């Protein structure tokens, strides 16, 4: 039975991985920022503001990757009932929400010079906002019950329902006329972006991924400790 | 199938006996819609411009008011256990609840909307889009609300929580619904928008009860 | 009611809120059998009844009906149950009769036994009052009448005597006796002296809570 | 608790939903006295208790505390009561202790007796769990502990034994005995064999429902 | 007085226990405000024109969602009887509930409103009117809602009446609140509107708890 599986093995693995991930995060982000902010060319159209891209685009990618993590963990929790999957889902949603918030804020900062407004209610922007709401709803729902397991299961169902939003985010620029520009890096038929911009972009993306991993492990560890504490308190009252 | 109809029948009868929920929804609808001319000043051009949006947003919010009670009342009095043990699959329980909800809140809203549109000076050409759009959109809202209601059974502050969960999911309905009204008012074809609304409904009819049924199973266990 | 059914419970373990409630619980109920759940508050009686109904989840072990795990076909298992929970599950705005009719219709069961059930619990005079007007014991009797009217082979009763007066307890005992005589089974959790009839087995789930199994998560 | 209080009920009549429940009911409770309300479901026990608490309205007759009608100063009467209703009135999100503390603070009563009350009902180990995690009998005990902790002279208990296990019933009986020994009074409605102690008077409100008095409206 | 504060304290603790509770109200506020631009189309000039109305309607709505539970939960679990027997007059019980409600929903709304106003392009000159107006208006809404919540508990069948009475009662608050925002945006004096809001609050503070207390007495009897 999975319920009796001991999560200490996972924790040992995670602890071993943690320093390497943290080092990778520092290295990748450092070199990415250095290349991106100082060494890459300014855009012929956008000028220096293009450098927001190195913060904005990977954050938007991680917002979606975070939700994918959340949805997969939720599926695993509902199917195999493994408590670790519950912890992973709970850990993923605030991290994903943070990346979503970064993407929204940097997008807004970018929009001001590019489109002349902080915010427009177009399909891409709106669906990302919905993503943020889904994260918030997930966090609120999982914590709204006295019994944490009940909260975990309700949250898992919600996370799966929200998966429909992911393709909408990804393809909204193709399906509707939007201000936001269509995919130029990750698209069928090859990238349309200058390689001098590609390199720092991918360094940053790798760095964000490492940060996500570090944060996830730290959150899972904290949640696990919290749950153990609760169990100890409960078993004391049994005495 | 018999059990399915019986459940709808019971909920309709309860709604008729109590009356409060339907009246509350409708009164809220009227008051909020009435507020806009009062608050914005009766500039007909402005009102006409925002009429579609106001009616749609308000219809959506009015539906939210009743969702938290949809299953919670049954859960509190033990009735949810009984439904789970009725032999009727929980997916059908959820669907029946959604149907009853739509009949008691969605349908009255649809019927009331054209009347309220009059007070907002909605262009005459926009009425078909408004009514057909609501007719196609409000069932989707009821279905999505059923998912939210099933998820928050037993949660604290369920009323706000259910709105927080359901509203983002209903945004596409809102966008296409309003787009249809605007297109109608501007003399553009409304059919593409209505088709999208119908597509959303067609997707929601099987999927939402599935999700809601799964959520109810979590709630009783 | 065929009278040939049997319920087997094997090595059942359950936990609530992360704490083990009982484990290693096994028993068999033959046609006409009765099981009385007793023991201290918080012993796990309600928890066990919910698992038997398919409403709760066991940590380990299985519940078999005629050899098949009840989780395999939840709807079929539900159709065999007469369930009485802590709460009465009555809508105050509907009359007693309307409440029962609605429950039977939703479960797609015949309405034939309804009047007899109301009679058996002395409710004929009250049946058309809104349930919200009834006293607590009267409401409990309506909930019991719903079990009787359902004519299911397995009754699961959680503290059925709560609030019942002496005459009603006797009526319940008669109903249980005739249910068992027809081959039906009863599992009832109670703290009172309710007489489930001859050959009743008693079980205290809390007596099966000794060693705590290895901790999870 | 002064031990000099008395409760007089004179010629009380009540109706629910337009139907007379009882009438012509009179009795007196002296310091240390106990009254047991028994009788059939729907006999009017809950109705009578609510009138004694000032929660219900009598059709006729008065309830006097030391000679003064209780309706004259509702807040003062409330301060003399330890009330246990059908429902437990616990917030599931708060622990048992927090529930009791909140109730005592809102009623502006001292918190001193809280730990003793929890101990008396065997709740010390459970007191810090959220009330939503407790079993039905455990919750009932928390509600009883609230009455004990309130240290009021008049206890009104509606079916206090519902869901209690045998040990808890005994604990309740001890609590009632010591309350009475200190001059406190008890009125309890129950269908079970709860022992309220010596000199307990029994009353069946339904026995006072014979001739229907002239209709009032 | 002690009991009064203790009741507020308990309700706040219940709200705090739910952790993300206030955050939930805020998230709801954000979601609903986001709905209006979606429904009305993102024309900044139009949004700015209706921003005041949108923010006010949403604030009312956020409050409305929690009213039906305000006393019903206590009534269902027997807690209302206990409150009636606590020795605290029911008028003060109602006032304490209104205060707790305002602290957990009204106040966060007031604090968040200026931020949301940014996304709706509300003219800078309108901010003082918005914040002060909400600060004066939301307590009145909480007080009126308490009356409604108490009536819903007491009158099972009079639910129709409740909806029709309470919702219109909040209309003056909304009208003056929105009017103040519009006046502020147009550079007109806002003080007359705010004075009226203050007058409404001053009237509601003694009267609403009296009415709610009477309704609660009906509910327990």
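Letters A, B, C, D and E name the chains as they come in the text, with residue numbers starting at 1 for each one.
The rule is simple: a residue touches a chain if its C-beta (ideal position, glycine included) is under 8 Å from a C-beta of that chain, and two chains touch if they have at least 3 such contacts.
Quick caveat, the model's predicted, so the values are computed rather than measured.
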Pair of chains ranked first by number of touching C-beta pairs: B-E
Most widely separated chain from chain B, with each centre as the mean of CA atoms: D
Distance from the mean Cα position of chain C to that of chain A, given in whole angstrom: 47
Chain centre separation in whole Å, for chain E relative to chain C (CA means): 45
Rounded Å distance, chain C centre to chain D centre (Cα mean): 30
Two or more partner chains touched - positions in chain C: 17, 86, 93
Overlap residues in chain A, where contacts from two or more other chains coincide: 126, 133, 136-137, 140, 144, 147, 234, 238
Chain E, residues touching no fewer than two other chains: 14, 17-18, 24, 27, 31, 38, 41, 76, 156
Residue ranges of chain C touching chain D (in the complex, touch as defined): 16-17, 39-43, 46, 86, 126, 129, 133-138, 140-141, 159, 161-169, 191-192
Chain B-facing residues of chain E, complex: 14-15, 17-18, 21, 24-25, 27-28, 31-32, 35-36, 38-41, 46, 49-50, 52-53, 56-57, 61-62, 64-66, 68-69, 76, 152, 156-157, 159-160, 162-164, 167-168, 170-171, 174-175, 178-179, 182
Interfacial residue positions of chain E with respect to chain A in the complex: 18-20, 23-24, 27, 30-31, 34, 37-38, 41-42, 44, 119
Residue ranges of chain A touching chain E (in the complex, touch as defined): 117-122, 126, 129, 133, 136-137, 139-140, 143-144
Chain E partner contacts - residues on chain D that touch it in the complex: 53-57, 75-76, 78-79, 81, 83, 85-91, 93-94, 98, 102-103, 105-108
